[in-house]
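Okay, so here's the structure we're looking at.
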């Protein structure tokens, strides 16, 4: 796997230029005229069990975003710098977590989207890779709509929920935390950053029945186990990681095309036309 | 249908006392010792098309909450006064909407839950009846967990999503807005408040494909149509309303029992014990 | 006493429609053209001694508002849903209190008034029934004036201060807390919700001389006594409650007429015309 | 009249040291042990008609505070630096007004009181000279009580309301704005800062009846007239100013003695002892 | 030294009128047409060792501002009332400190500057006398620029940094806290408020090397010593105070002239013209 | 130049592990016991003239931080993920700028530092590469000290101010914006991301004299020129970039050693010991 989805890429010769921060002024001025789509990624830097690095959630989202942007050639897709400061629970009991308070998180994501919109970019996809950001990102989309900024909030594994069920050996369709799927993703993307000899499962504990967990759940703290893992990473393979990565990228590509086929800001204009 | 789910009930003789605001001090002091569950309801007062009153979303949630509380006898279930001030979009183009800004909404719900928790009640269900509150309620649950207040956020129609598909004539499993299901609910609960002769459908407009709308959506403003309706209320019946009401109440009763069977605050204790 | 001042009224046949939340869109569109007055009520849900329910303060204000609205026929008067979340002290030592922090309270009342104003309703009366909200409601009126929203803040007992002196047996003109007057009010409005056998007085304690208490007072916490009562409810009668209720309603009717006789927004226009 | 109530006094030889900011460390350390009272003054710097300087409201309060502090010898009374940044309306149409937003004002007053309390001073009188601060100061007292900081909020003319009626030639007991009383006060305190030849009355305009204005009023903006004056300053005399000043000082002295006679923090302790 | 730089000056006959709060309306209306400069002063009221009063920082800045304003005759220079509420550390261990939290401080300074700007005054100098306000004042200038309010933030000793080195006996160019320079300043301005017999040095403690302290420093708390002094006041003289005062005033006069020679709001206009 | 200072490094074999986000749990648990230093970098993503990419400010700081961390072997130095969201002016007139409001920026930096501190890391260096963040970072250090979190705020070019004067061909010691020095830095670090053929100077415009600009400046907006450049990049060379980079890294290494030689939290302990 090519791992050059860096924040501060080195301008790899021949690589398609998709990162906002690496673009020159004249490029941006040209791109904004072509009805482009900007992907803003959100994630977290937080404890990820004994075997994974701390930036799993933002790396996963950012890698999918970059791959989708590179795969689309009929119109410009730009990837903003990653928002790695997520909404994680700060008393998680294991070292490594950097978290924002919810109010701070809302303002950071809003200010970034406002800035992009102010630059003239009207199509913004907010691609998320961290469970704690999932619902607040949806709420942020509602909040920003009051300012006539319409963003499309997506958490990547929701795009491939059927695949998570079909291809799972252990975690029964759940993305978990440092479990089967996140481990597989890292084994595929960055095997050197997986501490293979430390992979271990986690204890079980009482919870609501699975059919209820489809529509409700206790907050983040619930998911913390003695080992800091939610799910069972023991059977994860790089092949599973590739399946998840490819499917997520492909669905994102499909979604961005569907989004781009809609008139710009038609939702707002609909109202204005009344 | 008995419609005495009032905020300011008249102490109907013989009616089971489930409303927080009607209880006396000695009753509360006794209830808090029995590991009770408190249901806080959230909704909205907002335009609801040409045929429905403005308080549909909070009335629906509050009626379900009260019915569930009355149906459970093995432990106390109390219903707090309804939080009718929701997160609605304020430029909806039709009169009637009262909305909070997102920041205000978060603080109101948090302060209410904090107060209840401070009174010694540790089990709180946050039952929602308004689409605009759905994701922010989930985010609030994450936020409050940082203060060791664990609430269970539920939007009532998520509990009965299969039923919405099976029993729908028009809206294909979507709760909509003043569409088939909300109209049916009011025809059952409060037929006198439905303007029967004004029921009308709404224009269609471009949107993402349905399979994508399962995992993402544009913000609230999307749902505003020329008629202020999302969905088709023309075939709604009180019988559908009763089916939705009964199923929601029954599932809530089942959930509350499952919740109560878990140890109190086991999620937090789990961490503390590490 | 007829007690149908419910939040979620059942559309009692023949009853005059005065509640915002029960109105249909076409009704609101018609009313807004008639220079209407909207009454927003504020109160609290908090401990009210051993003998009263928790929602006394909001019920009192809301009942007066509804009665005044029903009594005025020459122009429309609408009553918004009640703001039951007040500014109470949260360490009151007795169970039942749900309180907002001051900042949250300010934003809720402002957002509700802003929404009503945005709907085109320019005359708003803020009728209060809870001591802790009294001064902050006045401050909110100043704050909202900066946004060209002019509201008239009133605490109901201030309208009838002479009556409180003349008709009191025990509390010497003070509304108190669960004392003579609030108990009388409930005995009249909702006798079934008064725990008659638990009515008791309260201990005395050092305070400023009465003539100084006319112009200053210590904050809420001062009024909390061992029994959670401020005043002496032992002699309260339903007849006193009716006197207070009728006088409050009548004075509110008179005030609303005086308010309506003034030009709309003359205060702001005065400035703009300079 | 001696006008040395300066913020930055020059240490007039022989003058009693009452200003917080001029005290030395060893003096404060000694005073705090003697159960002292601290007076914090609030006012405004804002347009004051064609004939008065802009700092009338804070100077009036601060002068009364300093005079009372100097008049009390049996225990220490200290006057903090004046909070001259008030809650005034910023679109007043005449130059000179410096205003805080309400949120800022609340935090400034709270932070000042918190600091004083943190220094060990538990008795704080908040003496106000500006109408726009009156209700919010009362609300601040409620807010601070949640932090176990108990302050006594007073607006100086409320202490002498009978006198305002008895001694008024024109303004019928109202303090007004740059009217009879405020002009008299300045004629007494600082005659050089009164533009005698510019004193003029103001136009009248529609308002609520006087008996209603006892219990409600429109917000600040109401009081702005074409001339920036509320009331009639044309007959004001320095003698009236002296009467108002002396009476205010004397009542404040009486109040501080009554306050000091109460046990320290008895209100809070009362609760804690339950 | 003439010490009449009072907040509430007595209108000393013949003294040039430079204080915002003492001006009459017609004066302000005339001044605003002459492209005036307004100086807003910031400082602190906080513990200042055993020998100085608490208001040193605001008095120093305010005295320099007033002297500069009086020295400039070719265009109007006005001094606003002093913002004495600074950003000091509240756990300083010695009595006397009144501090704002940073958020409160920012809003107070911004609201004051916004008010002045709204009155039509476009040139604002923010002259600071307290170390804790130094960097935040610079940040405030950036913040206000977003509102098209351009202020010039200055801390007085930065204007005369060479002089602090040349003329210092002990403190090697550092302004310190109640050290050589601040003591000298007070000995010159207000000798009666210096407790001469309590002047004492302070203990030393580990710190970064001096060459590093030119570009970084630990926060305020660093400067707190056992004696509450940073620096050595033992050799301070009134003559040093006069040198510092005169040099600061002269440089401020020079700066204001340079500022006034630039086109009004040229920085913003430059952008708008693109 | 090796440019692997990526956010999402690929675990280059043999490379020293210094990035927080790439560490495993057991590594962090071991490092925290060795009295480590954490460097948090702040910068901006904003327009950088016609020839530079947008992330210059954060890349510069982050590269220096990483190089210093790799150069220190006697104790652990860890580099947190970069805070690329800075305080830039959002109306800059050229595309590319993503900015936070000041309040948001403060909270992000504080929350990140609080999280790191909560993980047990007590030595935090805040290394900045963006002019707009310079003063607010210093203010944040003061704010965090109130929470007993002591950070050392540094802007990299302040460490090498003499070098900027000595080695400059054009910009006379000023770091500028996309001028000589920032261009040189990029020519050294990432030559592929410099649009060599677009390098151009900028127009001049009126400003304060240079000797005054040493102690004051107008806010950010000042620096915006027609070309979006402040300074003259035409003669910049990669050799200059290397000089600046090496000197900054070396001085940071020297500073971190000096910092580490001080007792942990000695500033706070000093106070507590009094």
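As written, the chain order gives the labels A, B, C, D, E and F, with residue 1 at the start of each chain.
Everything that follows uses one rule, which is that a residue touches a chain if its C-beta (ideal position, glycine included) is under 8 Å from a C-beta of that chain, and two chains touch if they have at least 3 such contacts.
As the structure is a computational prediction, the values presented were derived from the model and not from experiment.
> Going only through chains that touch each other, how many steps at minimum separate subunit A from subunit C?
2
> If you line up contacts by residue number, which pair in A-F, E-F or A-B shares over half of them with B-C? Let me know.
Repeat of the B-C interface: A-F.
> Between subunit B and subunit A, is it the same set of residue numbers doing the touching on each side, over half shared, or a different set?
same
> Where the centres are mean C-alpha positions, what is the separation of subunit D from subunit E, in Å?
The answer is 27 Å.
> In whole angstrom, what separates the CA-based centres of subunit D and subunit F?
49
> Spell out, as numbers or ranges, the residues of subunit C touching 2 or more other chains.
Counting only residues that touch two or more other chains, subunit C contributes 90, 101, 103.
> Is the way these chains touch best called a line, a ring, a star, complete, or other?
The chain contacts form a single closed ring, each chain touching exactly two others.
> Can you name the residues of subunit A that touch subunit B in the complex?
Listed in rising order, the residues of subunit A that touch subunit B are 87, 89-93, 101-103, 106, 132, 134-139, 141-146, 150-155, 158-159, 161, 205-209, 212, 214-216, 218-222, 224-226, 255, 258-259, 262-263, 266-268, 270-271, 274.
> Can you tell me which positions in subunit F touch subunit A when the two form their complex?
Subunit F residues touching subunit A: 3-11, 13, 20-26, 28-29, 32, 45, 47-55, 59, 62, 80-85, 90, 94-101, 103-104, 107-108, 111-112, 115-116, 118-120, 190, 192-193, 195, 198, 228.
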